[in-house]
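The same chain A turns up in both complexes below, where it pairs with chain B and then with chain C.
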Partner chain A sequence: MPLLTQYNEDEYEQYCLVASLDNVRNLSTVLKAIHFKEHATCFATKNGIKVTVENAKCVQANAFIQADVFQEFIIQEESVTFRINLTILLDCLSIFGSSPTPGTLTALRMCYQGYGHPLMLFLEEGGVVTVCKITTQEPEDTLDFDFCSTNVMNKIILQSEGLREAFSELDMTGDVLQITVSPDKPYFRLSTFGNAGNSHLDYPKDSDLVEAFHCNKTQINRYKLSLLKPSTKALALSCKVSIRTDNRGFLSLQYMIRNEDGQICFVEYYCCPDEEVPES
Partner chain B sequence: MPPRKRRRQCQKAQLLFHQQPLEGPKPHYESHQQPITHTVQVPSKPIDQSTITSWVLPQFDTAAESRFPTHRKHHRDQARHPTRRSTCKFPRLTFESPESSSSETLLLSNREQLQNSEKDAPRRPLVPLFSPQSCGELSVHVPQSLPHVFMPPDIQTPGSSVREDPISPDQKENSLPSCILGPRTPRTPEPGPVLVKDTPEEKYGIKVTWRRRRHLFAYLKERGKLDKSQFLVKT
Partner chain C sequence: MTGGQVKVFGKAIQTLSRVSDELWLDPSEKGLALRSVNSCHSTYGYVLFSSVFFQHYQWSPSATITDSDIPLNLNCKLAIKSILPIFRCLNYLERSIEKCTMVARSDRCRVVIQFFGRHGIKRTHNVYFQDCQPLKILFEKSLCANILMIKPRLLAEAIALLTSNQEEVTFSVTPENFCLKSSSGESLDLTSSVYSEMSFGPEEFDFFQVGLDTEITFCFKELKGILTFSEVMHAPIAIYFDFPGKPVVLSVEDMLLEASFILATLLDYPSRTSSPQSLRLSQARRSDPTLSGAQEGKSRVSQTPESISRAAPKRLFPKDPPDSSSAAETRRASASQDDISEVPESVVSDMEEGQSPSPLRKFSCMFFGAVSCEQQEHANHPLGSLAVASDSEQDASG
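The block that comes next holds the complex of A and B.
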C-alpha cells in the first residue's frame, strides 16, 4: 500500500482510531449479517469494534469484531462512538468487487480522527489504492433490552445447520414463530401458523445437533417472523447458535461466526416477544 | 349452436358416488384464528459508558474451538490419532547397511555355534547355515571348517561351472565335502531357520526342466542324447 507507507507517527497521533485488515472480507461479511437497516452505531474500545443496528424498538443486532481479528488496532481514547450509514460503508468495503477471486485479497486500513470527522477507508488490491471518506453522524439513543444472564430461564446451543433446516422447512407464511422450551417433551419446538396450516418442528435434547440444553421451566413465546427473518443472514454464516430466553420472554440469538482466517466473531440478536392484547 | 350444447348437458346422467360424504360436525376454521397480539417494545436510553464498553459474553467454549479452527471432523480425526498410535502392536522396523548385516551374520553365526543363546533369536540371519552337528567330523575342527565352508572361489564360480560339466569326477574333488551336501543336511536344520534350501552346486546352470527330471536327465545324458546347449542355461 504505497499511500499508507507514507504515513508517519505524527499522522498516527491525529487519528483516535486506526484498524487494519489484510482481508477486508473478515469485516464486511460480519457487517452484512446485521445489515437490515440503513444506519448503524459503531462503538470502538480496546476489546474491538461493536456495531449495533436496531429496528422498531423490538429488535437489536450487535456485531462484535474482536481486536485480535485486526492486524493493527490502535485506539487512542477509552472509547470511540459514531453513527454511520451501513449501506455506504458496505459498498465501500466491497468497492473492488464482492465476489472473491482466489488468491486476491483486499487490504483495509480504517482511520477515524474523532468527533465530526469522516471515517476514512484506505483499500488496496493489486497495488491499486482507493480512499473513501464516509460522513459520520451523531449517535442516537439505543434500545435498552436489559437482557441479563441472571434472568435467563432457558438456554439451548445448536449446530447452526439444524436451525437453518428449520427455517427452510417451516411454513413462513404466518406472522409469528412460536418457540416452546420444556424440560419434558417436546423439549424444543418451533411452530408456525400459516395459511396452509400449522407446522411444528421438534428437537430432542439428545440430538446430535443439540450441544447444550438447559431448561428448568416450560416457556412458550411468540416472535414476529418479520423481525427474525433478518437474523437468517447471520445464521447462514455461523457454525453454532445459542438460543436464550429470559423471564420476560425476550429472545437472544448469539451466533458464532468463523471468518476465512479461522478467527471467531459473534453476532447477537435480541428480539421482543408478542403478547396477547386483552379483549376490551 | 349454444342451445344444442345445453340440451346435451341436460341429458347427461348424474354422477354416482361410491361413498357418501362423512357425516358429522363441520370444522370451524374461525376457532383456529390466532388471538390479536402486539409486539413488546423496549424503551430507549441515552448512550452511556456501560453501553459503549459492553461486550459479548460468549455462550460457547471458544477455547476448545480455537484449538481446532477448521471443521468438527478435523477435531475428531485429531482426537483419534493418538489412539491409533497407542494401539500399534508391531515393533518398529530397523534397517541396516549391507556391510553391518554381513558382519553381524558372521558374528551371530559364531555366537550360535559357541553359545547357542536364545536371546539372539530375533536377530538370527534368515539364511541357511550348515549345521556342525550334521557333520560329525567337522564339528571337532570348527575353526578350520569356516574358511573352507565360506571359500569365495566356490561361491563365486557358478559361471565357470556352467561352462564345464558340473558332474564330472574332476569337479567333485573341488566341490564341498559330500557329508555337508549329504541327505543328513535337511534332516537336522537346528542352527537357524532355513527358509529355502540352497541349490546344490552340481545343479548350477541347469535348466529347471531337467532339474525336476533328474532320472530322465541322467538317462538321456548317459546315452549321449542331450547336448549341453539343451540343458544348460545360456549366460
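The block that comes next holds the complex of A and C.
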C-alpha cells in the first residue's frame, strides 16, 4: 500500500489505534446502517471496533466491524473509547464519491492518538491522498440493555428477504408494531393497527424463509414503529436476521451483513417494548 | 383471486381512488360492484366484477325483512386511504401472491382481505367500513348521439403529449374527424400554458358514430386513470357523449367485468369575461331553491343524470322566455372556472336546507330527480327505495 510507505514503525508508537482498509466501503456501508442519529460512540478492542448509536434511551444500534475485516489492526491499549460525529465521519469516508466504480477502491487508514486527540483519516484513491481530522468528544454512557441469552424466550432466524417485505407493506398503517411469537399458530406474526383497520403478516415456522424457530411460550409485545424504522437500513443490506425477545419484552434484531469482499459484519438493534396492550 | 386477478382488482381500486376518497363495495347476485362518487358529484365511477371473475364467489343476503321478500344488501363504504395501500404494489402482488380472499361481514362491519404468498407467508388486512346506502346512478349511454370505441393505448399515447398540468381536456368531433385538445380556456394566460391539439381519423377507431357535431370538455385527471385501467384489461374503451353540459361516459367491458365512468362536462365554451350582471343573476337564481325543487320534482328518473352537469342549476329554466337573453349570458359566465367551483356547493347546500333530514340527503344532487320519487314511495313502503333501484336496473338491462 502506498500509504504504508509514508510511515515507519516509530510513527505507529504515537497512535493507540491504527486500522487500515483497502476498501473504505466495507466500513461506510455498515456505519450507514446505524446512522439515525448524529453522534456515535466508538469502542475498540483487540477484537475489532463497535460503533453505538442511541435514540431516546429506548433504542440502541451497534455495528461490529471485526478486526479480521481490516488489513491492518493495531491497538496499544486494552480498549479505546471516544464519541464522534457520525455524519461527518460518513461524509469523510465517502469524500471520493459514494457510488462504487468498477475497479476503483478508496483505501483508508484510521488513526487515533488517544484522549483529546482527533480521529485521523488518511484516504487514498488513484494516488490522491486526503487527510481528514475529526474532533472526538467525551464518550457518554451507553445503555446496557442487559440482554442475556439465558433470558431469551424466543428466537427466530429469518432470511432478510422475508422481513423486508413485511416492513415495506406494514409500514404505513400505524404507529406501533406488534410482534407475536407462539409455539402454535400463527407462530410468528407482525401486526399494525390503523384508524380504519389492522394488518397481520404471518410466517409459518416451516417456511423456507425461516432458518430457526425456537419458542417455548407465547409472547406478544408492541414496539413503536418510529424506533424500528431506522433498522430497515440494516435490513436492506443484510442477508439474515435473528429476532430475539427476552422475558422483559426487549427486542433484539441482529442483522448479518456481507460486505463486498464476502466478509461478515453484524449490526444489532435493541428496542424497548411499548406499554403492553396485546391485541390478537 | 390469483395474482393476475388481484392486479386487475387493484387497478380498479387505484382508478376509483382518483374519483373520490370513499368507495362502496356492493355485492349482489351478479357479482361484486365497486362504486365511487366525488364530493361535488361531477364524477361517478362504477366497476362490476362478474361472479365468474372470481375463482369462488358466494353472495347471500345478510338479512331478510319478515314482512317483505326484499333482501337487505350489504351496505359497505370504505375509506380509500384504508384500502388503497393494500393494493399499492400491484406488480409485486401479481408475482408473489398465489391467492387472495376477500370476506365481507356485515355483523362486524369489516372486510377481511387475505393474501397467501410465497414461502407460506399470509397477510391479513381487516378494514372497517361504515354501514351506508350505496349510491346508484342510471344513465342510458346507448341513447347518446356520439359513440366512439378506441384502443386505450392509442388514446393514452395521445394523452401523454398533453402537458401534465392540464386540468381539463376537450374532445371535438365531426363525422369525419376526432380532435383532442388541451382546454382552450387556459390560453388566456399565454405565459403559463401550451395549447395542444391532435386529430384522429375515423379509421383509428374500432367504432365511430358521430350523430352530432360537438365539443365537450371534462376533467383530465379521471381520464388518465380510466385509460390506465383500460390498458390493464386489454379491452377497447367506449366513449358516449352528446353536447356540452351533458355527461360523458367512458366504458370498458370484458367477459369478466365492466367499468363505467360518468364525468360531468363543462356546460359551454369558457368565456373570456364574466359581467357583474351575469353573476348577480346567477346568485338570484340560486337563492330560489323552493321553485327549483318544485319544478324538478316533476321530472322523471331518466333525467337524473343531467344533474351530473356542473352547471345543473342553469338548466332549471330552459323555456323561460323573459330571461332568455340574460340566461345566455349567465350560461356563458358559469363556464368560467370560478363559477364552476362555486355552483355545486351552493346547489348541494340549498338542497340540504330545503329538505327534511334523510339518509339520502348527501346524495340529493346526484338523485335530484329521483329523490322526491323515492321519498314519496318511502312514505308508503319502508323499502320502496330499494324496489325503485331494482326496477330501474331491470329497465336498464332490458
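The working rule: the second predicted complex is superposed on the first by the 267 of 280 C-alpha atoms of A that agree within 3 Å, B and C clash if a C-alpha of one lies under 4 Å from a C-alpha of the other, contacts with A are read in each partner's own complex, and residues count from 1 in each chain.
Basically, a contact is a pair of C-beta atoms (placed from the backbone, for glycine too) under 8 Å apart; a residue touches a chain by one contact, two chains touch by 3 or more.
Just so it is clear, the model here is predicted, and its values are computed rather than measured.
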Given the touch rule stated above, what does A:I264 touch, chain B (first), chain C (second), both, or neither?
-> first
In the superposed arrangement, does A:R222 touch chain B (first), chain C (second), both or neither?
-> first
Between chain B (first) and chain C (second), which, if any, makes contact with A:G194: first, second, both or neither?
-> second
Taking the superposition as given, does A:D141 touch the first partner, chain B, the second, chain C, both, or neither?
-> first
By residue count, is chain A touched more by chain B or by chain C?
-> B
Thinking of the overlay built on chain A, is A:Y203 touched by chain B (first), by chain C (second), by both, or by neither?
-> second
For A:G162, is the partner it touches chain B (first), chain C (second), both, or none of the two (neither)?
-> second
Of the partners chain B and chain C, which touch A:T81 in the superposed model: first, second, both, neither?
-> first
Check whether A:M153 is in contact with chain B, with chain C, with both or with neither, and answer first, second, both or neither.
-> neither
Report for A:F43: first if it touches chain B alone, second if chain C alone, otherwise both or neither.
-> first
Which part of chain B faces chain A closely enough to touch in the complex?
-> 34-47, 49, 51-60, 62, 65-66, 69-70
Which positions of chain A touch chain B when the two form their complex?
-> 41, 43, 45, 47-48, 50, 56-58, 62, 64, 79, 81, 139-146, 149, 155, 157, 175-176, 193, 222, 224, 227, 240, 242, 244, 248-250, 254, 256, 258, 262-264, 266, 268, 272-277
The answer for chain A against chain C in the complex is residues 162, 165, 168-169, 172-173, 186, 194-204, 206-209
Report the residues of chain C in contact with chain A in the complex, numbered from low to high.
-> 78-79, 81-82, 85-86, 89, 96, 110, 119-128
